[in-house]
Each structure stands twice: as C-alpha cells, then as structure tokens.
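Each of the next two complexes has chain A plus one more chain, namely chain B in the first and chain C in the second.
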Partner chain A sequence: MVFSSLHFLYIFLPLVMLAHLIAPRRWRNGILLAASLWFYAWGEPVYLGLMLFSVAWNYVTGLQLNAAVRPSRRRATLVGAVAVNLAVLGFFKYYGFLVATLNGLFGLRLPDYRLPLPIGISFYTFQALSYVIDVYRGQTPPQRSLVDFATYITMFPQLVAGPIVKYADIREQLHRRSASLAQIGQGLERVILGLSKKVLLANNLGLLADAMRSAPKLSVLSAWLGAAAYALQIYFDFSGYSDMAIGMGRMLGFTFAENFDHPYRARSVTEFWRRWHISLSGWFRDYVYIPLGGNRVGPGRHILNLLIVWLLTGLWHGASWNFALWGLYYAALLIVEKYLTGRVLGKLPAGAARFCTLLLVTVGWVIFSNTDFGAMGRYLGCLAGIGADGFADAAFLYALRSNILLMAFAALCCGPGLRKWQIRLTGRWPALALVLFAALLIACTAYLVHGSYNPFLYFRF
Partner chain B sequence: MTDRPATARRPVHAAPRRGARRAPGRPTAAPERRYALIKWALLVALLAYAVLVVGANSARDVDFAEIQRAMATSPGVGNLNALDENGFQERMDASPEGCEGWLMYGSDEIMDVSELMIAKGDEATLDRLEDAVQGRLEAQLAVFRSYGVNQKDLLEGATVLRRGDYLFYAVGEAADQWADAFLACIR
Partner chain C sequence: MKKKRLFFLRATAILALALVALLDIAFILHRDRAFSPLENRSLQQRPAPTLQGLLSGRFETRFDRYISDQFPFRDGWIALKSALDRLAGRTESDGVFLGKDGYLIQDFKAPDEADERRTAEALAGFLNRHDDLAQYVMIVPTAVTVLGDRLPALADAGDEGGYINRLADELSETPAAFIDLRQPFAEAKDNTQLYYRTDHHWTSDGARLAYMALSGAAKLSGNTDAFDRRQLSNDFQGTLCAVSGFRMNQSEDMWAYLPNEKAPQTVVAWVAENERSASLYRVECLDTRDQYAVFLGGNFPEIRIETPLMNGRTLLVLKDSYANCLIPFLTADYQKIVVVDPRYFTGDLEVLMAAEGVNEILILYNAETLAGDTALRADII
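Let's turn to the complex of A and B:
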C-alpha cells in the first residue's frame, strides 16, 4: 500500500485515525501496531516475518543490554545485535548485488537468489540500530513493553520512506501523547500538502524526466531539462512522502522531526546535506561519522572518514554501483569544499553559490538515476555537449513549451516563499484554508482516479 | 557531514561501573542468560525463514523449450497467437534482445486483453522487461479504463512474477492456471 493510493487515503487512513481517536489511551499503541502490520502485509505479506524478527530481536537485545552486568558482555551483546541487524539487511538487500559483482569480476558461479527487496527494510533496520546503540550508550532506557517497541519499529507513517525516527525522540510520545482537533487539522493539512507534492508535481515532472531519458537522441538543453525535471521530481516525491509521514504522525499525536529544509536553496554541498534527508544524514553523523572520529582528526583520516560515510550513504540508497559512485561523488565534493573551495564559495554572491550547488546536485541525480553505467555516461556526455544532438532541438522546444508552467511553479515551490504566503493568507482568512486544501485533495483524487503513472522513487530503499 | 557541537549528554541509564557493588534489585546473570537463549531461538527461526523465502523465490534452471511445451498446452493458450519478435516489440514497446529464451502469446481481438509472456535472462534484461510490462499494463489500463469493465478488471488482476532468471507476465481469465503451469516447470 502506498500513501498516494485511493485505498490508503479513503479507507485505511480514515479507519485507523477514527479507531485511534476513539480508543481508550492504553489501547492506542495496540491499534497503531495492528494498523501498521496490516499496512505492511498489504504489499509484503512474506516479509512481515522479517519485520517481526527485527522487532523481537532488538526488543530482547534492549532488555539484555540492561541486564548485562559486565561491560565486556554489554559490548559483545551490542556487537552481536548490530552484526545480526546488518546481516539481515545485507542478505535481503545486498546479497544479489554482491553475488552478481563477484560472479562478474571473478567468473564465479555463486547462486544468485534475486530476492525481492523487503519494503522499508533500510528504514526500520536503521531505527532498530539507533535504539540498541542508544540503550548501550545509556542514552535511553530499554523499552519494556513489546507492544510499544513494536509500535515504534513498525509505525506505518514512516515505515516506507522515513523519516528515520530515533527512539529517544519519541519515547515519551509512545507513552503519553494526545492529538487535539487543531493538531489533527494541522496534520491533515500537511498530509494533503505532501500528497499534492507527490501526485500533482512529482508524477508530472516524472513524465518529463522519463521522456527525456528514453529519447533516442538528446540535445544539450534537452538533457539539462530532463535532469532538472528529475531533480525536481525526486525532491517533491520524497519530501511529499515525508510531509505525509509528518502530517499523519501529528494526527496520531507524534512529533516527527523535519526531513527537508528547502535543500535546493543550499549555498554549498555541505549545506545541501544539512537540508536534504536530514534524518539520514543525522543517523550517519551520530552512529558512523562521529564514532570514526568525525573532523577532529588529521586531514588524511578525516578524508577517509568522509569516504567511508559517503560510500555507505550511497549504498544505503540502493544495491547498485551507481549509488556507490553517487556517494563517492558527494564525498569528493565535500572534501574539495572543505579543503579547497570552501572560502571561495563563502565569498560568492548567494545566487551564484546556489546556482553552482544546484548544478552539482543535478549532475549527482544523473548518477543516482542511472543504474546502467553506459546510459549514465551517455547522459552525462550530453550534459557536457559530448555526443549530444546539437545544443537545442525541436524536441527541447516542444518539451519546454509544454512544461514551462509546471517547471516554473515547481521551482517556486522549492523555496519557502509560497508556503509562507499561504500560511499568512489562510491565517487571515481561515475559510480560505478549507477551500484551498479541499481543492488540492479533489485535484489529487481526480489525478489518482484517472492517471496511471504513480511511481515512488524511494521504494527501493 | 559536520560534527555536532560537543554536548555533555548525561546518560539516563549509564552502564554499571566495573567493580561496582550490585545494589539490591540490580539485574543478575540469570535474565541475561534467558535473553541469550531467546535470541538463539530467534536466530534459528530467522534461518528457517530465510531458507523458506529463498526456496519460494528461486527457480530451477530448465530448458526453455520445456516451458514452451508446458505453456502451449495450458488451457486457453491455444486461443491466442504465438507472437514473433515484431509482435513482442509492438506490444511491449521493448525488444526481447538479450533473453536466453522468451515466449509471448496475444489475441488478435481488439477487445481481448489476454496476454502471456515469459522471458529468461540476466538481471538487467529482466529489469528492462519488467519495466516494459509495467508500461504495457499502464497503457492498456489507460485504453480500457473508461469503457471496458471486464478488461479493466483483468488488467488490474495481471500476474507478474519474478523467479530466479525468469519473468512471467499474464493477463486473462486463465492467468492463474498459466502461472501454476509455469511454476510447476521451474520448481
């Protein structure tokens, strides 16, 4: 089940919200857990077992860490728990990739099982890891209620596409939370906003990006138009889902941290990663980068730390070498920014710095979106004018004319201005909010009823 | 990636110091052993689960001619036409190039959405063809959504399976039987 489906929006979500609202407080986590298992089993009944294993394993680990007396036992328990979590993630997500690589490199014939990817495995594994590490570090007590812990791991609003919620951040809310009518209204507003980003903007931008990518010949400007459309598509797709997750969380009485902060306004790549998928960057910072020494080490070690963290970040996004390359691309950019161009960038006018960052990020999305290295090379070549079918062609002009309003509106939505203006306006005339969000919901519904193109880019994670 | 400012976070549940005297009510080694036993049991269950999942998703490497024979005798397939490479390309908007073996059946009737396609190939080829199948389904749904109720239902109930080196796609009243015949070949 995906958020942007009629079944989810008009049957699942209202039923769950109603049950959660009218149920006695002590039943709420049970209801939320049952709903989350239903949500997951809808599309992945086979992998429900894997998620339940993760719940049971990490729940017992938390209690075991608390019961362990000797530090060496605690450390061994942690290492074992992390190893099993990573082994499960590795087998179900990376085994096929690893075997294909080894078979290809060394001519081996290792069996390739090609298992379908369990949806959300990267998200719930990272949440579970943050829990056991925090319990080990003594930053949070273990959860003694299995239902509460299972609710945390399986919670449907952020199960499929994040944000990655740290246990310590919602521990209190698991026990005590309330959602007033005003909060439910704000949450619903955020859900509709996210749905609109996904359905009205991302899906239509995706049609343009796909058309450009599958064109037999591309001019330089067509290639840039396609890359820009993809950059906008992935932002509205992913941030739309995050908005929906945050909104549903609010309707259930949770406060999830923001996952995006207008990333395309960043003035450097470093700043971009403080604004894009914030929960993932924060996870890698807290559990990998800082334990490796962070930037409080010599330059050589710092560069190595960045390479490790960004290689892992890349591979987290998918079991394919293009994601590894994408991660290393960002490592290289961050190293160059830190040691070479950081000061120069700081002196550039804000607009110029934003433009440079946007160009680098857009090129990064070309690496990200092409698992085939040949196709990636050809597309990157077209961006640079190598192998392109001229600088501009009729196809570019047609695509631009057909999509210029969509692209311009999408670009406007990347900044905070439009949303601020909407909040100011609807604050002054509350009835306008009702009209605006009802219109958006109707438009999304109409699109979902009639449109068939409804992909979700972050499903593979 | 930047460091977080160093904050002195006081552990809310600090690990016991080495040599510290155990206070009354402190945990003992007994529950620790119990938890360890539960975890071993969980690992055994995980292993069994993984074997089951792998078994359900893997496929025997069979001669493609064997699959062709089995599918040709499946109920309803005789009413469809075996398509050549051009027919495949025309319907799927993709070429079967790169496949170790493939078959495709379709109907000549404009209102008949029945189709059967099986391909054997490497992962990249199957990925490409799976995308083509999704494209085909979307295109067919767009055509029949407004007026073909039965056709729409059949398309929405399309069977797409990926097992080992094989991709199976079927639309039709007998799609489940075709899937059973295919799975019987590769298990």
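Let's turn to the complex of A and C:
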C-alpha cells in the first residue's frame, strides 16, 4: 500500500487510527502490528514471510545476546546475526546486480532469478541491525515481547520508506504512549503537509523532469531546468513521505526523529548530508564510519573510511553501478571539502556557498537518476553544453512558462520561512489555517482521484 | 496564541475525520457506475476476492483502482484537478494544448525515422504499382499547423509541416497528385471554422474546402450545391476534453452538409457488417458520445457507395476518419466509391481493386494519424 492512495487515506488510515484510539492500551501494539502486516501484505503478500523471518531471527538474537555472558559467545552471536541480515538483504537486493556484473566482466553464465525487490527490505533490515548492535553494545535492553518487537520492525508509517527509527529512540513509547486529540491534530497537520509535498509538488515536478530527460534534443538551459526539477522532485517526494511517516507516528503517540532539515539551504556538501535523510547518514555514521575509526585516524585511513562509507551509502540506494558512482562522487566531494576547499568555502558569503553546494548536489542527482551510463553521460554533457542543442530553445521557454509558478513555489518551500509562517498562522487565525489545510487535503484528493501520474521514487529501496 | 494553536490542532483532527466520514458514507451509499461518459471509459467494478488474486496482487491492484474509479463525486474531483492545473499555468496535458478561443489542439508527434520511411515506402510502392490509375494524395494538416496562432504562448508543438513536406518529397516520384491544403486552409481559417474546438477532427466546412482543392486535380464538379449546410447537434463534445481534462464542461455545435433533392441517390453498403442503407449518415450516433460517427457510422474496414451516375468512375479511398465527412461530396462525381480503412481491413486489396474495377485512387489521411499509423507500415497495401 502507498500513502498517496485513496484507499490508504480514506479507508485504511482512519480505520487503524480509530481502532488504535478506542482499543484498550494493552491491545494497541497488537492492533498496530496487525495493521502493519496487512499494510505490507497488500499488493505483495509473498514477501511477508521474509519480513516475519527477519523479525523472528532478530528477536531471538536480541534475547541470546542478553543471555550470553562470555564476550566471545556474544561476539559470535552478533557476527552471525549481522551476517544473516546482510545475506538476506544481499541476496534479494544485490544478487541480480552481482550476477549481471560478473557475467559481464568474465563472460560467465550464472543464472539470474530476476526476483522483484521486497518492498522496504533496506529499511527494515537496517532497523533490525541497529537493534541487535545496540543490544550487543549494551546501549539498550532487549525486547522480551515478540509482539512489541514485531511492532517496532514492521510499523507501517516508516516500514517502506523510512525514516530509519532506532529502537532505543522509541523503546519507551512502545510501552507507554498517549495520543490526545491535539496530538492527533498535530500529526494530521504534518500528514497533510507531507501529502501536499508529494502529490502537489513532487508529482508535478516529476512531469517536467521526465519530459526533459526523455526529450530527444536538449538545450543547455532545458537540461538545467530538468535537473533542477528533478532535484526538487526527489526532495519533496522523499521528505513528503518522511513528513507523513512522522505525522502518522505522532497520531499513534510516537515521536520519530526528523529526517530532513532544509537540505537545500546547506552551505557545504558536508552540511548537506547532515540535513538530508538524517536517519540514514546517522545509521552509517554510528554503525560503519565510527567503528572504522571515523576521522580520528591518519588522513590516508580517513579517506579510505569515507570511500567505504559512501560506496555503501550509494549502493544502499540501489543495486546499480550509477548509485555506486553517486556515492563515490560524494566521497570525493567530502574529501575535497575536508582537505582542500573547506576553509575557502567557510569564507564565502552564505549565498555563494549555498549556490555552489546546490549546483554540486543537482549534478549528483543526474548521476543518481540515470541507471544507464550512456544517458547519464549525454545528460551531463548537455549540462556542460557538450552535445546540447543550443543554449536555449523553444522547448525551454515553453517548459519554463508552464512551470515557473510551480518551480518558484517549490523553491520557496525549500526554506524554513513558509513553515514558520504557517505555524504562526495557526496560532493567530486558526480558522483561516483550517481553511488552508482543508483546501490542501481537497486539492490532494482531486489529484489522487485523477491519479494519472503517481510514481513513488523511493520505492526501489 | 498557544490556545488558538491548540484549537487549530483539535479542529483539524475533528474536521479531517468529518471529511473522511462524509466521503466514506457517500461512497457506501452511492451506486457504482459502469461507465464514465466524461472520461469516455469503463470504470473498475468491485473485484471479487480470490485466494489466487490476493496472492498475486491482482485483487489489490483492482481494489485500489475500484476505490479511485468509484470515488464519490469523481467528475467534480477531476474538474477541480484540471482547474488547479490551469491555475498553476499548465497549458498542455497528455499531448493536448489548451489553445486560445476555446480550442483544444492535439500536438503533433513525429514518428521515428525508420517508421516514417517504412510508411512512405509502402505508400510509394502502392502508388507506383498502380501507375495506370489516376491518383491523388491528400495529407491534411491538423489544427496544430493551421491554427498555430491559437496555440498557447510559447507552445513548443511538433513540426507537422516538416513531416508533410518530407512525405510530399518521398511521393514526388510517384504519378500521384499531392494536394497540399496548407495554403487554402491558411487563407480560410479566419472566416471559417475548419476544426472542432473539442475534437481532433476537421469540420464539414474544412472537408468541403478540401473537396474544392481536390476538384482541380481530380476533375470534379467542385460544386456543392447539392448539399445544404445544416446543424446536426449543439452538444458535441469531442475526445480532446476527456484526453486532456481541459474544458470538461465545453461542448459545441456540429454542422454538416446534407444532400438535398439535387443530390444523387446513394446505396451504401458496409461490407463486413453486411449492412445497407440509403444514407451516408447515421443519425442515431448523435445520441451517443461519439457524435462524429454520424458520418458513415464511424470507421469500418470497407464501405461501398454506389450512385446512379453512369460515368464509369470508380474511386478507391484509403483513409482515416477525416475522410468520413468529405466522402459525401464525392458522391456527386463518382459512380462507385470503395472506402477502405487499412487499420481494420484484412482482405486482399489488389483483389478488391480488380473486382470493383477501381480506376482512381485517393489517399486521404490527416498528418497526425498517418504519423502514428502502423497498418500501412505492415504491408497492408
């Protein structure tokens, strides 16, 4: 099930929320778990078993880690658990990719099973890994209730597209949480904002980005317009999804950590990654980067650490070489920033630094969005004026004219100003704010009923 | 301020619940529709759950579509969505431009080079094979070319004129007379409505002008006195509204040239359907959504029209739907007209031509259909 569907918004979500609200407290997790399994199974029930296996395996591992006293025994248990989790993820997500690469390199004929990617596997595997590692490190006690643990892993708001919630962050809330009417309203406010980002902004920006990417000829400015539209699309798509997840969590009484903090206002690439998909960068920092030694090592080792972390981050986003390239692109940028240009960047005026960062990030998204290296090369070439069909053309003017309002409004939404204004509005003229939110919900519903164009970018994960 | 914010939050929760409840109740109470006239398509009915359907995901896909297809006030939601699109400055949707003066204009999509060449070669081959017959080729420019000034500002439409030029060039080695309508249409467009505002077809006035343009090359009377201009409908809504979602409330008049007492009697036979009629028009189609089907009843593989004229002229028309409202004018000039739509015709064209004694050929397509055509390419002719 996807959030941006009428079925989810008008049937599933209200029913689940009502049941969760009315039921006695001790049933709440059971209801949430049943709802999450139903949510996951809807449309692709075959992989439900895989997810339940992951739940059971990591549940047992948590208890074993707690019961074992000998360090070597605990270590072996952890290594086994991590290996199984990674093996499952690796097989279902990377097997086809690996086989295609090996067959291509060595002319082998290894069989490719062409398995569809189990939805959300990258997210729930990472949550489960964070749990077993935290239990091993003694940072959190294990969860003894299977229902509560399963509720944590499968919780539908963040199951298929994050944010990656660390067990320690919601351990208390799994047992004790309350949802007042105001909290539900607060959650809904966030859900409607997220839905609007996805349906009104991201989907329409996507039309523009796709039109430019599939155009047979591109002028330089068309290419930049398309790249900018994609950068905005992926931000509103993904952060909209996170907003909805956080909002629904709020409605259920959970407080999930923020996943985005106005990333396009970053003044350096380093800062961008502190503001973009925070839960993922945090995961890699805590479980890969710091265990490798982080930056408290010699420059050589530090550079190696960055390369490892960013190669993995890239590949986490998809089983294709362009994602690896995208990750390494960021590794290179971060290394350059750390050792060469960091000082210079700090001295630039904020506007100039933001502009440079945005430029680099936008080029990054071109690498990210083209799994085909030929198409990627052609598009990057057009951005630089190589192979482009002139500097500007009629197609650019028409696309600009048709989308300038959308682009300008989307750009405005990238900053914190609008949200601050909106919160102030709710505190001063609540009736006006209510009308605004009703209008947003109604507008989203209209687009969903029309429903001709509703792809979710973050569904490949 | 805190208090007001609290009020807002609580009211949001209650209002959202009320809205959802309202729509859900409307959903339960309203009766499912089988067909949406507005969108011109069948709507998803409530699927029956089966174990296999559930496991494969087919049931879920259908169920989600069912919810959205049968959503209460669906037509209103769609109109709202288009209004919002227009508000945001969008002037193109699914290949349809939101033109000026109430015109919806279909964009021209050029075929890829290989397809274009195959179609042109098929046509040239056919014409050269029959170089003993008189031949006319009429590739009608569509509104995107003729009404270029009605396109939205800065619109980047496909190059239909270039396509017609290339085709004329390819066919210049054949004996066929290429009738280019761009000049006469450009001269007439400000005084005559040549295209429907909500449909991709030309009007009967456009077709009449084309008949005049053909009359020189084909030695026709060029005289349409035997037809009276009459209004057939005042509520015609073409397919472009449904395709684009623009101007869903707009409809327009449909005029046609109907034969008067001076016109020859005709006998029309729809061959594959085994139907006969004295009329080239099917008035009952005016009560359906597809009112343009009033001309010849729509598109059929083969239609044979006979007149009492004894001039021995037998014309083969290879055509798309544009021809349907031009053919009536030709009944004043031909003893027999054999109308073949290659998209649906499955017989042997050579055998048919020999059997009917065809001695003239008219190829009549609009550029848009010809560009997207796959039948000619597939060696139907």
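As a convention for this text, the second predicted complex is superposed on the first by the 460 of 461 C-alpha atoms of A that agree within 3 Å, B and C clash if a C-alpha of one lies under 4 Å from a C-alpha of the other, contacts with A are read in each partner's own complex, and residues count from 1 in each chain.
The definition used in the following text is that contacts are C-beta pairs under 8 Å (C-beta built on N, C-alpha and C of every residue); 3 or more make two chains touch, one makes a residue touch a chain.
Given the structure is predicted, the values throughout are model-derived calculations rather than measurements.
Per the definitions stated earlier, placing chain B and chain C onto a shared chain A by superposition produces a clash between them. Residue contacts after overlaying the shared chain place A:108 against neither chain B nor chain C. Legend: residue contacts after superposition of the two complexes on their common chain; A:398 is shown touching chain C, with no touch to chain B. Of the two partner chains placed by superposition, only chain C is touched by A:437; chain B is not.
Once chain A of one complex is fitted onto chain A of the other, the partner contacts of A:46 extend to both chain B and chain C.
Contact with chain B, but none with chain C, is seen for A:116 once the two complexes are overlaid on the shared chain. Contact with chain C, but none with chain B, is seen for A:426 once the two complexes are overlaid on the shared chain. In the superposition on chain A, A:22 contacts neither chain B nor chain C. Counting contacts by the rule stated earlier, residues 46, 450, 452 of chain A appear in both its interface with chain B and its interface with chain C. Here chain B touches chain A in the complex through residues 1-4, 9, 11-16, 18, 22, 26-29, 31-32, 35-36, 38-39, 42-43, 45-46, 49-50, 53-54, 56-58, 123-124, 127, 138, 141-142, 145, 162, 164, going by the rule given at the top.
Only residues 5-7, 9-11, 14, 42-46, 181-186, 188-189, 192, 204, 393-395, 397-399, 401-406, 423, 426-430, 433-434, 437-438, 441-443, 445-452 of chain A touch chain C when the two sit together in their complex.
Every residue of chain C that touches chain A in the complex is listed here, in rising order: 1-2, 4-17, 19-21, 23-24, 27, 54-55, 57, 60-61, 63-64, 67-68, 71, 74, 77-78, 80-81, 84, 88-92, 94, 153-156, 245. Of all the residues in chain A, the ones that touch chain B in their complex are 46-47, 49-50, 53, 56-57, 60-61, 63-64, 66-71, 73-74, 80, 84, 88, 91, 96, 100, 111-116, 135-142, 270, 273-274, 281, 284-286, 289-290, 294-296, 306, 309-310, 334, 371-372, 450, 452-453.
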